Each structure stands twice: as C-alpha cells, then as structure tokens.
C-alpha cells in the first residue's frame, strides 16, 4: 500500500516535471541527431574493420556532450578516454586535433595546453562534424596509429557530409 | 631572429587555423548570447542588491557550458561552485533545481542523485532560461537562503523573457 | 627527408607494438562483444521509443569499462553520466542498482555509499548482463522515471539472454 | 502547518547564520571588488572586440577564487577552463603566465609543473592585477593567439591601474 502511494506520488512528481517541460523545446534545433551519429559511427566502424585494428569511437554534439560511443572487441581500454577526449578537444577548439597538436609541441606557443580541461589530446584522430557550414560536434577515434585513427575519424566525418548532401537533395 | 621566425610560424599556424574555421559557423544559431547573459546578470544582481545578501551568480548556455559569472563582494567562497552547479543541474535535467530536488529527498526515487555528474544541487536557486519556447541555458544563484537565491535566479530568468518579447516586437 | 625518417621510425615503433601484442590475447574469452552490445542497445532503444521518453543508454563489459553508449535526441544531458554510473554500479556490486540502492537508504547499512567510486547510483535503471550464468557486464539507462529506465534496461538485458539462447541453439 | 513550522525553522537557522556572521568581516580589506572586476572585464572585452577574436575572460581575487567571467559568442568552449587556469596560474605564482611558462619549457627547471594544481597554464594570457603595489588578483584570457590573449589581459590589468589612480586622485 505504501509502495502504491509512493509510486503514485512519484508518477505525480515526474508527471509534473514532464508536463512542465513539455511545451518547451529541450535542445537547440540543428544539433547532431542520433540518426546522424549512427550513420557516422557505422561508417567509422566500417573503415576500422577495413584497416583491421580494433578502435574506440566517440562522438560529441555541438555542446561537447557525448552522443554515441562504441568500443570494438580487443580495442585498448585506455583508448576509451582518449577517443572521448579527442572528440572533445576537436569541438572545444574547432579544429582537428592534429592541427591543434601542432601548436602544442615543445617550442610552440600552446605547449602544455593538454593539462587543461581535465586533459586534452594533442595528436591526430579527432575531427570536426560539419553540416551545411555549421560545426555540430566532433568524432574522436583511438586504437591504432595516429594515421589509422585519423583515417577512421575522417571516414566518419565524411559520412555526415554525404548524408547531409542527400538530405538537402530530398527537399 | 629565431624569435621572429617563431612568431611568423605561429602566425601562420594560427592564421591557417583561423582560415580553416572561418567559413564554418562555430556555434549553433539560437544559443544564449553574451548580450542576453549580461541583461540577465544585471537583473539578478539588481535583485540581489535589493535583498541585501551578497550572491554568486552563474549562467550556462544550452550545452551546459559557463557563459557568465559574477561574485558580489563578501559572498560565500563556497557558493562559487554551488552557483555553477545549480545552473548546470537545471540545464542538465530541464527543470528548476527545486523541482529536481523534490524527487531526490530521502524516500523519493532520485535519492542520492547528487553524487552523479561531479556533484549536482538538489535545492532551489537554479532556474531555466527559456527564449521563445526553447531552453537556451540556465541561471544558478547561491549566497543567501534558498528562497532568496531562487528569487534572484527568477529575476534573472524573467529579464530574459522580457528582453525576448521586446526583441520580437522590434521586428 | 627528415620527415621520411620520422615516418619510418613511427612505422617501426608502431609495427613493433603490433607485432609484440599479436601473439597474446588482449581480452578475456567470453567478455561482452560489440555485436552483443549492439543487439542489447537496439532492443533498449526500441523499448525507449515505445515508452516515448528520450533516454541515455550505456553498457559496460565485465571489467566495468564502457563498451557502447547512445543518447537519444532531447534526452537529459545530466543522464549521460547517470546512465554510465548505473551500469558501473550494477557491475561493481553484481546486482541491479535498485537492489543496491535499497541497502543505501537512510538507516540502512550502506547509507552514503554513493559518495565512493567517483559517484554511484542508488536507484533503479542499472541491470546486469548475464550470458550462460556468467555476468559479462551491465546496462544503465537514464532519462525517464525510475520505472521507465528500469523497463528499458531490462528490455536490453533480456535481449542478450534471447540472443544467447539462440546462439546456443545454433550449435 | 508542518510546512509553516519548517519554514520558520529555516528562517531561524538562516537568520542565526546571518546574525552570527554580521559582526565579523567576511573578506580581507583591499581585495578585488566586483566594481573593479567589472571595469577590468569591460576594458578587456573592448580590446577583444577591437582585435575581432571572441574571447573567454576570467578574473580571480587575491585568494585565487573566481570573481567574474564572461565568454563572447563563438569563443572556444575549451577556453573557458584555460582562461580560468591562466588567472589562477598567474595568481598562484605571482607572475604573468608567460614568465611562469618560460621556466616550464623542456630543459628548464619547472618542466612538467603544469600537471599540478589540477592543471596550470604555461603560456601567455594570464596577468596580475595590482592595486597600489599589492597583488589583488589576476586576469586570464583565452580565445586567440597567445599574443592576442596577452594584449586583452594587459588591457584589463591596465584598466585597474588607471581606475586605481583616478580613485586616489579623487581624495
């Protein structure tokens, strides 16, 4: 009985919460969608399979928040965090992590920047996700060499542009 | 001479970075602007002065990232973090922190939720920022009683709606 | 020329790395596979769509490390972390988070335990992933009421058992 | 009725809190004021607009605690943390981050120091705030090249000295 009352109370509380937030939009129009994220992830996983090295692949949205993630069997455990941080780094500074990292080498002006933001990644494997000229997130890949990671990240990013083009054509 | 070459190299790197990101939009249209944030902060500080308790006031944008912050002279140092976490909590769950906190009391279903997300706040003082039916961020206030903090946060949130209305009228 | 030597060195280093780890198995036989994780995620997303509340869904493997993650459009940003922590909590203590949470209520012996492990979740929505009587990971779901989150998590966990049964039948 | 008693109790508790702290001063005389912080921020934002690169600007007081912060529209999300850490670094070691960073280069004696204090910044863009020969805080700026960030930080720091001089003249 008590459980029932509790449940009803919870339903009311959550109902109110939902009712309250129902009329407002909870996210900005134009942000990375899950459908797009899945398309990108599938393309990246396909590329990773071709290369033959197990990868961690992470996507963040325009706000830098995790949208989708997958770890292939046998991929480095330490690359879970690196994949996420590559995506975040690319989005946080609006450029591929390879470009960003070039300015963070010893003797270059951003040397040491990786100690900020709870850890950034200053080598390749993070690429921007751009739809119709707007940055809507980023993809980070870790598991192979930097060249391999970058190839997988670019395969993902390119899949968005292709789907974005076909999206426009359908109108 | 070496310094000159270094400078030129840096200018090139940064120039390239800028050139690369120039044609793309770096943020989603419709997000909280600095001008709006300043209007909201000014209204909140005005309310705080009327109440007479020094406050910490923080605003985050739609992605939950800090947009503006101010600490009045004499405000609790411990409230810097609370103000930020109130804004983040409100945005992360799309409701005022008072509503959110109601479901996190002992015996309620979200009891203990404040241990997630590096710390959430489960009492009042965090309010949503809504423009034309879209959540574009949140304001968090800390320094006085929960009632006082909430009053200041609401004064800020209301200032956005007022400016949003006058914005529409001017078209 | 220097760049070429550098490239060759990198290829050698990475090649050696790969060559070195080739003969050893990098993960336990029987751990949650990406294919299973995708099956579970798909079932959970299907259930979430039926319920009509956008969810965050996270799976960890037997080692408690993130295997797959997805956030539906409009799902709470704060639920990214909660979904992950629900999966981790379930796996770390080998029981659903609802059971775990029951022992963490005020007056119960694990009261306060959510402050450990960088934050645990002490309410429902985290379920174990069991294959042939072995815990191979956990699923955590966050976005709706605890009852809704739990329903989605169970839909995912059940999909593993179904696929595990059909897997055995095919032999 | 119960709610009323609860409210009264809260008023008493909070009232006592206020009454208790009323006779003691809660902050050091001479610390950075919000008014000064606003003057400095305005000058820094003005300089940033002249340069034409969106910036993150953070000020900490003598205790190294955040006093004011603003992020211009389109400024790097990753620079929120860097601006704060530049201000903190400058104040924690009582020198501009450029000077501090010079001692943290490879081969120099503070090499690696950026890994302490939850992350320090070892390049320019953090400047001290000095009033009448006393360090009262620091300003950190991030968003452009190091040269641009430094120019904006210095514009802010100079505005304090100017206002400090005119402050003295008025007596």
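Worth pointing out:
Order of writing sets the labels: A, B, C and D. Residues in every chain begin at 1.
Just so we're on the same page, contacts are C-beta pairs under 8 Å (C-beta built on N, C-alpha and C of every residue); 3 or more make two chains touch, one makes a residue touch a chain.
Bear in mind the structure is a predicted one, so any value in this text is a computation, not a measurement.
Most remote from chain C, judged by the distance between CA-atom centroids, is D. With centres taken as mean Cα positions, chain B sits 23 Å from chain A. One simple way to say how far apart two chains are is to compare their mean CA positions; for chain C and chain D this gives 40 Å. Our note on geometry: chain B versus chain D, Cα centroid distance of 18 Å, whole angstroms. Centre-to-centre separation between chain B and chain C, using Cα means, comes to 31 Å.
Contacts with at least two other chains are made by residues 10, 14, 26-27, 31, 63-65, 94, 107, 109 of chain A. If the chains shown are joined wherever they touch, the resulting network has some other arrangement, not a path, ring, star or complete graph.
Taken together, the chains touch in the following pairs: A-B, A-C, A-D, B-C, B-D.
Residue ranges of chain C in contact with chain B, taken from their complex: 76-79, 81-82, 85, 101, 104-106, 114-115, 119-124, 145-146. Within the complex, the chain C residues that touch chain A are 10-11, 14, 18, 26-27, 31, 33-34, 37-38, 53, 63, 65-74, 77, 80, 144-147. For chain B in complex with chain A, the residues that touch the partner chain are 6, 9-10, 13-14, 16-17, 20-21, 23-31, 61-65, 94-95, 99-100, 102-103, 107-109, 128, 130, 133-136.
Across the complex, chain B meets chain C through its residues 63-64, 88-89, 91-94, 106-107, 109-113, 115-118, 120.
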